[in-house]
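Next up: some structures, all given as structure tokens.
Two complexes come next, and they have one chain in common, subunit A, joined by subunit B in the first and subunit C in the second.
So, the complex of A and B:
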């Protein structure tokens, strides 16, 4: 009897220890994942002598809030933020607007060249974007778009990621819905936008979110296609800011925090869409 | 899902027409900005491409050319043109001297950086905005031989391969472990999921700046942790000069990107794990398999679709590493230890103006990525499926 009880206890103990180990490991991972961001924020609130203290001062005392206005005023960040915001909104709207009909057609219609087209679009995922830098640069110059918003917007108003993700969502709508709508005299365009689109709203939110964040973070394309201060996005501006002020880490970290916080806020509000988008990329 | 095959009657062709109308915007943008440049990438690689400044659209033209001839002959410049010149930072006298010596003169507006070309044709004088003109000359394989003979390109290939070869498997392995830890009933699972996801969504430029600070030799967080750790074990630790010691540049890049992508990959794997039928686990338990046995024999094999997806995605992604180098090292790094293929392409094209050579280098990069993806998609994946 006693022996039996001991065995159960041993089992529970092992399970308990196992769980403690799992939690400890996960906590360790969480600390590592969060540390750079924490370090960025605390550094942004120190003055330079506090920042260079060893061992580090974890909580800045007193916090130097003045680093933020100092960083903000040291470079035209208002322009950078406006550009990032403007480009993110326009490319997101464009991408969603082109992806919806394309995804619908590829999910629900039978037409000539459908298989070939799907293969072609899937194939573009294999093209490393960096390979297109030189030809795109030549093209943008020939179009006379160098140093214009056109160069930063138009090429990004269509994307394969959005099409494939939305296509998965459209596929889940039963065909009977279209059949009955057609019998009632509904045109395909109207059906698409008034009936199908509301049904795939979560998918659209996910696509829009990824596009917005991707656009907000645009860097390489922007430094190649423009060289005007007035067209810099936040990441491009950050880079020039870094080259200007060197190793004034508190102010650099204040600027980095300002660049990251909008994305974090967006993420906090739309966590579900982010996770869903990521989980779905793997299922494809 | 297979669509019902319609008889290819009138309906089918009407549908085809309608479908392409809806596809038109996408196809137009992708056609112009993806497919066309893709073809050009190959085409440009066999050309020598140079840019030169050529006259663009006209911003000023002399109104009355006969009156001009007399003013020029008398050595005077009309007021309108003098204004144009003053705004560009040149004086009328300069123009006068120049136009006697040559038919054209290029001036730069210091304020906007815009260049202007002043052209004299007979009695007419025009001020053009300068634009870039492209001159292409067929050179065959010369760009490729030049790339392969360039020790810098070899170094870039080697560095990139080392980076890919270490970061891809490390990230995937850690992601698999993290996903396994997360794949159970847990309190605060949402928190752990959020924490692992956080690095992935942070903008690369901003977060790389943070890492540049973490890697600081004297005051950086990483050296502080390492020296503390060494202190606990009573070991000697000399501060590592992460970003200025050629031996540590690659590890620095790898550590940073392992940090960035492990959580993202873990979430994809976790989604895959949650899709595995519970019956498999129960059957394995009944057969007396231990936790590790279940993991090795059931979980991992059934995750192959996700694992291969991640392998391909991260291979393509890792070969493209560039921004991190630019921000972290502010250049190719000490002894070019951080020189990657895309960095090579970038500097050759946009700093040195060797567009053909840069295209050849990017075609080589594409060939490598393509071959590896193809190899994975066919040979490796098939073998794993057979073993299952």
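So, the complex of A and C:
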């Protein structure tokens, strides 16, 4: 009996030590990952000398709270935030709405040239975005969309990344499920929306989050396709702090801290689905 | 001056008779620079009620360049834009010949350093211009060097101690203009006068490259602005940097609690050449009506007017680009009590030179950046670096 107790204790000790090691490792990685975020937030409260000091001064002393109103007033950030939010939401909804049926078709329906079509779609990922800027600008102009929300929304309401990612999710659903549904008289469309889509929710959350963040950070496309302050986004405002002869780091970081708040809120809400999505697809 | 005033009045009346003319003006000036430009443009619109200027910030020079490339390709460029000289060849055919629209008096008033013609055409005018000067720490370098030899001996004496953060000098690898300045001071050039031969690897080029390579052994080599290093408390004895960076360098030195002063560039055998940097203004033809071109020319003439250009220079740290402004009372009285600005002004007048106006200069500059970095890093001998650079320039010239 005593021997059994000792073995249990030894097991618990080993398990405890193992957990401590795992948590220490996770904490270490978390600290490393969180360091840039911490630096950004603390730098937003420093003056320029503290911001550039080597070794870094981690805690601002005294905190320069005035950096936030100064950053906010340096550019029309209220307009920029609204535009970023509006564009991120509309393009995310559009992208998810187009990616779901396209991905489903490519994953679950057999038709001539499916592999070729998928290959062509994936091939477009290989073309650097900057190469497409000039033809895109010409096209947008000919469509009469220059300086309109259309130019900022429509081209981004479909994307190969979302299609490919969701295709991989749809492929994990066994075909037997469709066979059963069909026997019960379910149409293809109803099966997709009522059965398949709920099963790939983590994938949809992942696509949505990536799209939202991508749209939120859009800079060059917005600059190229618009001239009006009323159509510009937060990243354009961040550029105000970067000049050809120097960068105002504290105010840039203050503006950047304000800029990531919506993304952090979204991540907090979609965290569980997002992590499932990452785990299932192996995206890094 | 009277003729310029008459020209602007005629422009104003001309466009006024046809109703209001709107011109777009793309630029990359943010913060204080953008605010000063907006102030001047507002003043111009007050003086010219028939002209409306849509001043559009394009998110920095890189974004501005990409947007101009796309806009010219689409046949939808702005009427007026700020641009580096080395962008000009990409859209030379789309630019207006400004000598046809600017009064001769204004053209003649530009400093000879800015007498820049592309294929015989005046398609841009200087706007925000700066010059390379020497910044030095008076506590480490009591007497600023006047010659290459003095510069080298000072840099060598201070040496390089990475642990203590002490460097004799500093170079920015993305800034080949420093090498071009040394090259011109040594009597060298990128190409021969008729552009038929690459001359960058001749003995003068080698002398400049060897000098830079020797200094680089004691230099802080960093792509970031040198002001960042100064603010971090890194001690740099003396370094070549643009006059436009004056405010940043001085703020950084003040923040670090160290003195910093400005001196003329060290010369070589009496040659004190210094490369001019900054951007120009260009008017784009494809979508512009005659009234818009005239309105853009009127705005350029307004910006080059003595009172305005001096105000611009005082508020931004750039240098005046016209004779009337730089030698005029307004500027001269302004710099009288400002030794650094006087040094910069004298440097521009005495040694300022512009970029090579070759159609492939932009590609050549990309090569210069690559090989300037190789030279500074000591990747190969100066002769080998120059020979490789010359071969690549020869292939594209």
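The rule is short, and it goes like this: the second predicted complex is superposed on the first by the 197 of 284 C-alpha atoms of A that agree within 3 Å, B and C clash if a C-alpha of one lies under 4 Å from a C-alpha of the other, contacts with A are read in each partner's own complex, and residues count from 1 in each chain.
We take it that a contact is a pair of C-beta atoms (placed from the backbone, for glycine too) under 8 Å apart; a residue touches a chain by one contact, two chains touch by 3 or more.
No experiment lies behind these values; they were computed from the predicted model shown.
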Which of subunit B and subunit C A:36 touches, first, second, both or neither: first
First, second, both or neither for A:68, with subunit B first and subunit C second: neither
Partner chain(s) touched by A:161 [first = subunit B, second = subunit C, both, neither]: neither
Contact breadth on subunit A, by residue count: subunit C or subunit B: B
Touched partner set for A:149, first subunit B, second subunit C, both or neither: neither
Touched partner set for A:213, first subunit B, second subunit C, both or neither: first
Subunit B versus subunit C as contact partner of A:86, first or second or both or neither: neither
Subunit B versus subunit C as contact partner of A:188, first or second or both or neither: first
Touching partner for A:110 - first (subunit B), second (subunit C), both, neither: first
Overlap of the subunit B and subunit C footprints on subunit A, listed as residue numbers: 51-52, 54, 130, 133-134, 136-138, 141, 146, 219-220, 224, 227, 236, 239, 242-243, 247
Parts of subunit A lying in touch with subunit C, wherever the complex brings them together: 47-49, 51-54, 74, 130, 133-134, 136-138, 141, 146, 219-220, 223-224, 227, 236, 239-248
Of all residues in subunit B, those that touch subunit A in their complex: 1, 3-6, 12-13, 15-16, 18-20, 22-23, 25-26, 28-30, 32-38, 40-41, 44, 49, 113, 131-132, 134, 178, 181-182, 184, 186, 191-199, 201-207, 209-211, 213-214, 216, 218-219, 221, 224, 228, 259, 263-264, 267-272, 275, 305-306, 309-310, 316, 319-320, 322-323, 326-327, 330, 342, 345-346, 349-350, 355, 358-359, 362-363, 365-366, 369-370, 373
In the complex, subunit C residues that touch subunit A: 24, 26, 28, 30-31, 33-34, 54, 56-61, 63, 66-67, 69-71, 73-74, 76, 165, 225, 227-228, 231-234, 242, 244-245, 247-248, 251-252, 255-256
Subunit A - residues contacting subunit B, complex: 22-23, 25-26, 29-30, 32-37, 39-40, 43, 51-52, 54-56, 97-99, 101-102, 104-106, 109-114, 117, 121, 124, 126-139, 141-142, 144, 146, 154-155, 157-158, 160, 163, 171, 188, 213, 216-217, 219-220, 224, 227-228, 234-236, 238-239, 242-243, 247, 249, 252-253, 255-256, 259-260, 263-264, 267, 271, 274-275, 278-284
